[in-house]
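Handing you this structure, nothing more for now.
Think of it as A, B and C in the order they're written, each chain with its own count starting at 1.
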């Protein structure tokens, strides 16, 4: 028992160390950082002081960032820092306790997950959530329910409107799948795909909703370095082709540092640093959060 | 961009639809021919319309349990609503000189509409619940419908239609009681025929299978497979669950109308929890989401008690044992593994999984 | 006074539901299955007690113990033969099997005892019919009184059992996380068997108490109380022992009051109507835990 206690003490000490040594006034980064090309437009996501408590526990607090219309941004941080919680807040799986965020200039307070999706935020999940029993193509087509807009009567009678729209949906689904060269897998059941392909299918499905912001939750999880490299290219390609903003959570530092233009570092639910990859790499608070405090530093 | 054109391959839905239609049409033709040759026993003849009704019930319940993924234990309630509505409508139209087939059609449509509206109204509160809680509330609604049918009295005379919660309707001498509380409907004119049942089964198959292969079906199945992901792509989960529930209830009302117009007397207690469960058994045995499976299970299990007649008193006991054994043999993981290994070792089935991604593109 | 009589009758009927619901809830908690055959175990228990007193002339308390022993064995047998092969296959397959078992028990009883109702002699008949209070203004039957007492004792006993004993804790562990419990060295199979055994023994007691108050005993006697008790378990929050108790008592009281003051034909509809309203307000029952899916 005594050993266990000691261990806990050590962990708790580090908690306080980080908080105590983090001085917001010393932060060198301005509140809103956008890539040059997005500067003249309003940010697509303007997140202001977002926070949520579970019971008495504060999971995320004072989360404030802005994301440009074609920016690729990243959230990094140790396990349990609250990264996925932020995605859940942005997609209204959870309603925030404090703060709000503007999407395309519109306040999103009180919206539901469905409304958020209709506005243009799409996401993938850390633990893959596909429609297992549907085929790959159906998974993609299910997400195109806004553009495939015939009613129940057409759905029952399969009239000309049904045929025309289903044909268009089929072609569009294959086109989207071809981003990842997955069009040949269209007829397979989603759950029968290998892990990596399931991750890619989630991205395709998210894209099928025609989003303006794409949230990727650990897209490179479980991938080897060459696959990760390909994924990096594809993330850029998606941004360039669709002209959308991408916010991603990732543990793979090479991916984040290479592909992201702006990075927020989260620890214990709070942003401890924001900036460009170079700024983040040299930020003492970040190094501390990841590697622990140096003795007698500074 | 590469485009692959599927050359003439059938989608799994089309294939399954064809199987379903095939089974029903072939069965209808065979039974009709045998019947014409006088080879169908009178007991089986009496079973033909109930079989059609139960097929409709099973296929419609499969839309909720298999396709929409919600356990419903009150399907008989919608059957009841459809049956008694049809009986009342048919009874009211009896005086008119409308052809029988038109009267039957109107009665069936009314039965479906009433059950559908009921399904919609019940679905709004019920579908907010999940899993077993949803199941118990559907059970509760089924029981409530049964209870209410037990105190409903209806009659028709020259002043029109009367509906009360007590037997004193104040009917004229020439008036006719249509619903008699716990005694149910008596002296119903039997309008249902095997052909009518066949047509209604085809309509049910058409509706359910076409929905499965449409935008709505995809959405319903997506909500079943992963509610959170479905919401994340903007699907209104309640809307699609309600859609499945309402369509299913309307079809059940149709099945009930067919059933109700097949007997000269019908008691409200017929549509109790046991009937709901019986229909659920068809669906689960036939396979969740498998339409032709429901058709076959409903047929076999309706005929089975007759086939087991040779066991006399042990008939229903044998039925219970068959049911348990079939469930264990179809679902037990050990037995499944055993048969799978056996099949693989004997036939060396081709592995249909896509190749593992070696250097596949990311 | 009529009100008080109704209340006592309601509490008594509710106690029977509560005891049955306890079995439902424990089995649900541990194996996540709706054991629809549970109601029929009640019926078997009542028949065993009936036979023991009628044909073997055994004293009432011996007949109850005999019924408990038979039902316990039956419960273990049902679980081992019908449910265990299907463990881990999803609740629907097991549900249908449970329905098969229910058909089996009802039809076996039909073959053995026939369809004509047997008149069950109350196990408290030796005590006289009832006790009068307030100068004869209020009569309480011994059945009602003892049913209430039995329910309270069982409730306390089960709370102590699951809270204090090793087996009880094992049951809770298996309910919480089957796999983790197994890794901690708990024998999951025997723990589940044990749960069925206890649930079935309780069902036997419930059967005897039910038939002491409502003496018509038929092969379908257990069906409706089974459904009501299942409703009670969900009402209170399925998986929760105090919830089953509370749910059972409330359902009994609502049923008797509904019958007395609103409509005798609609008493079941009232019970189910209240259930629906409660679940809409509290979707996981009165004392149930809300389970949220982690995203």
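The rule is simple: contacts are C-beta pairs under 8 Å (C-beta built on N, C-alpha and C of every residue); 3 or more make two chains touch, one makes a residue touch a chain.
Everything numeric in this text was worked out from a predicted model, so none of it was measured.
Enquirer: Taking CA centroids for every chain, report which one is farthest away from subunit A.
Expert: With centres defined by C-alpha atoms, farthest from subunit A sits C.
Enquirer: Could you name the chain whose CA centroid falls nearest to the centroid of all protein CA atoms?
Expert: B
Enquirer: With chain centres taken as the means of their Cα atoms, state the distance from subunit A to subunit C in Å.
Expert: 50
Enquirer: I'd like to verify one number: the distance from the centre of subunit A to the centre of subunit B, where each centre is the average of its C-alpha atoms, in whole angstrom.
Expert: Chain centres of subunit A and subunit B, defined by C-alpha means, are spaced 43 Å apart.
Enquirer: In whole angstrom, how far does the Cα centroid of subunit B sit from the Cα centroid of subunit C?
Expert: Distance between chain centres, rounded to whole Å: 31 Å.
Enquirer: Would you please write down the residue numbers of subunit C that are in contact with two or more other chains?
Expert: 295
Enquirer: Any chance you could list the residues of subunit A touching two or more other chains?
Expert: In subunit A, 93, 125 touch at least two other chains.
Enquirer: Using the touch rule from the top of the page, what residues of subunit B touch 2 or more other chains?
Expert: Residues 228 of subunit B each touch two or more of the other chains.
Enquirer: Would you tell me which residues of subunit B are touching subunit A in their complex?
Expert: Those in contact with subunit A are residues 1-4, 6, 9, 11-12, 206-207, 210-211, 213-219, 221-222, 224-226, 228-237, 243, 247, 289, 352-354, 356-357, 359-362.
Enquirer: Show which residues of subunit A lie in contact with subunit C when the two form their complex.
Expert: 84, 88, 93, 125
Enquirer: Within their complex, state which residues of subunit A touch subunit B.
Expert: 91, 93, 112-114, 117-118, 122-123, 125, 129-135, 138-139, 141-143, 145-146, 148, 150, 152, 154-158, 162, 165-166, 169, 171, 174-175, 178, 180-181, 183-188, 192-194, 196-197, 200, 205-206, 208-209, 223, 226-231, 234
Enquirer: Considering only the defined contacts, which subunit C positions touch subunit B in the complex?
Expert: 28, 34, 36, 82, 85-86, 88-89, 91-93, 95-97, 99-101, 103-104, 107-108, 110-111, 223, 227, 230-231, 234, 238, 263, 265-266, 268-269, 272-273, 275-276, 279-280, 283-285, 293, 295
Enquirer: Using the touch definition from the top, list the residues of subunit C that touch subunit A in their complex.
Expert: Interface residues on subunit C, with respect to subunit A: 295.
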